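Here the structure comes first, spelled out in structure tokens, and everything after it is commentary.
Each chain gets a letter, A, B, C and D, in the order it is written, and its residues are counted from 1.
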């Protein structure tokens, strides 16, 4: 489903009306917002894939959390399109941050259930809690980006660029790579 | 395919033309109808998944029923878009209820075939018949919502909210969770 | 991929602009063309599924044939939209028939390669050749529907309705059901 | 995901507004650009499928390269739509060539990592390096097509037609077919 979300975003990329440099440049902010959301969605894809593989038993709470997460993820193409067309408007920037914050809250709830399921496996619990802290930090920063957009949209954009970088910093060990991404 | 249907509905969510609160609020009914259909489609997804796994032999009648169900499910994005844009119009509300009633009829036919296939397994038959009753109730309520929309659309909206709640009430036992969803 | 094609066709179903009976009826031909193409695509889906499962070795010719088939199938949403909006125009009707004829030719080439691969298995060859005859008949009828549309579009529409019926006639034996669909 | 990209391109194929021969012919360049991109995407699909199957261990570098490749592939529908609507404009032709060149660079990086992983298997390394040379040649030709479009778009179109032909030349041996496609 996340693959579909990524490709839906491409659909929002309308080809410029005229083949002039000016027309192509006008599409640039839409393109940049697409590239950013592509990166965010790809990180969520890999994260979600790892999460689902760590599931022990499918509980009602797990299904609920997953649906809650997928709902906010399914709105990413919508806020991407909105910010791409109104990248200077605090409201568009705030909505973008808010949706990504809600996605992070979905990941939080999913992992909370996983931590509960693996409560007898100390190493696993520690591993999940380490990623959970990173996730809480991302969510808090995205939440902050919403009100900050009304002061300066550049601070919010800095946060939007910072969080993927936080997930994609080169790993020294291959084992770590599998864990943190 | 149901995953694709969900994401197609996101495509109907057009970003508001202007970044003003008024423009965003104007999109609100479309958003609410999307959220409702997301929930309905998710419940159908899980239900369909469980149904397909209970199939013993692929018969012509099963294929027919499945195609019939998928056809009405594939129209969910269409009626969602219609009700989102005309949420005060009885016709849009009635068409929405009608399509979901036809989806329920598809589930009914599919499960009827499954009950036939598991007729020698008493526990399984009882299990299927319990869900079938719930399904018939949902279908009847959706059917009722269509004429009721011409008296008061709020009654229909109440039905639309009631049925997902009926499927998603918290379960006390995990085993039950897997069964009823 | 065929699932995606089916759902893409739903996207072409635009919700009527106004919630009046007249506006809804205006969408009717688009709806009928969608229902027809849904049926055709579903039959192709099941057929393609059976074909791919009967493959012994993936040859260059098989890949070519499959791509050729997928190309013409990928145009089904396009001709469906065109016929839905211009259902009284011979050209739209002819293009629809032509694309389905080309799809049939793709199935012909794929099965030709399969017959070649199963040439030492007499029962399998006979089975494939029986379906091949049905396929050639469908293709020939679709080809005929194109010029006939310029005399009477109703003859073409009769052909379009006849062919799915030919594939979906109730089967007396379950084993046959699996074979012919 | 590549299947989704192919079908997204169909969505760009808008049915002509009127059912006249002139209107249909006006869509012809869009149709030709679709057919070309379908072929290119299909070749990339098969190539990517073979690449992923040859992976030994999923490293951070591999994930990065794959995301980089998918990003440029996801833009193929965008440049296809642009060239289809502006096939006489050097800029549209150049952007098309540039995106395909960037896709080739993604394949290059992915295979570089694979060559590194199979460095102790001499036959495998030789096999990968042979395809890598073909890939570098394709990428270089696509890169050349961009500036050449400003001299003559026909030279660029010749390159666009030449590269798929290079991949799809009939193979004498079935084993080779599996390798080179």
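In this section, contacts are C-beta pairs under 8 Å (C-beta built on N, C-alpha and C of every residue); 3 or more make two chains touch, one makes a residue touch a chain.
Quantities reported herein were computed from a predicted structural model and do not represent experimental measurements.
Common neighbours of chain A and chain B, by the contact definition above: there are none. The most distant chain from chain A, with centres taken as the mean of CA atoms, is C.
Chain A and chain C have CA centres that are 40 Å apart. Separating the CA-averaged centres of chain B and chain C is a span of 28 Å. Touching two or more other chains at once are residues 4, 11 of chain A. If touching chains are joined by edges, the resulting network of the protein chains shown is one closed cycle, each chain touching exactly two neighbours. Across the complex, chain A meets chain D through its residues 3-4, 6-7, 10-11, 13, 15-16, 18-21, 24, 35, 38-39, 42, 46, 168, 170-171, 174, 177-178, 181.
Contact residues on chain C toward chain D in their complex (touch as defined above): 1, 4-5, 8, 11, 57-60, 63-64, 67, 70-71, 74-75, 77-78, 81-82, 85-86, 89, 91-92, 95.
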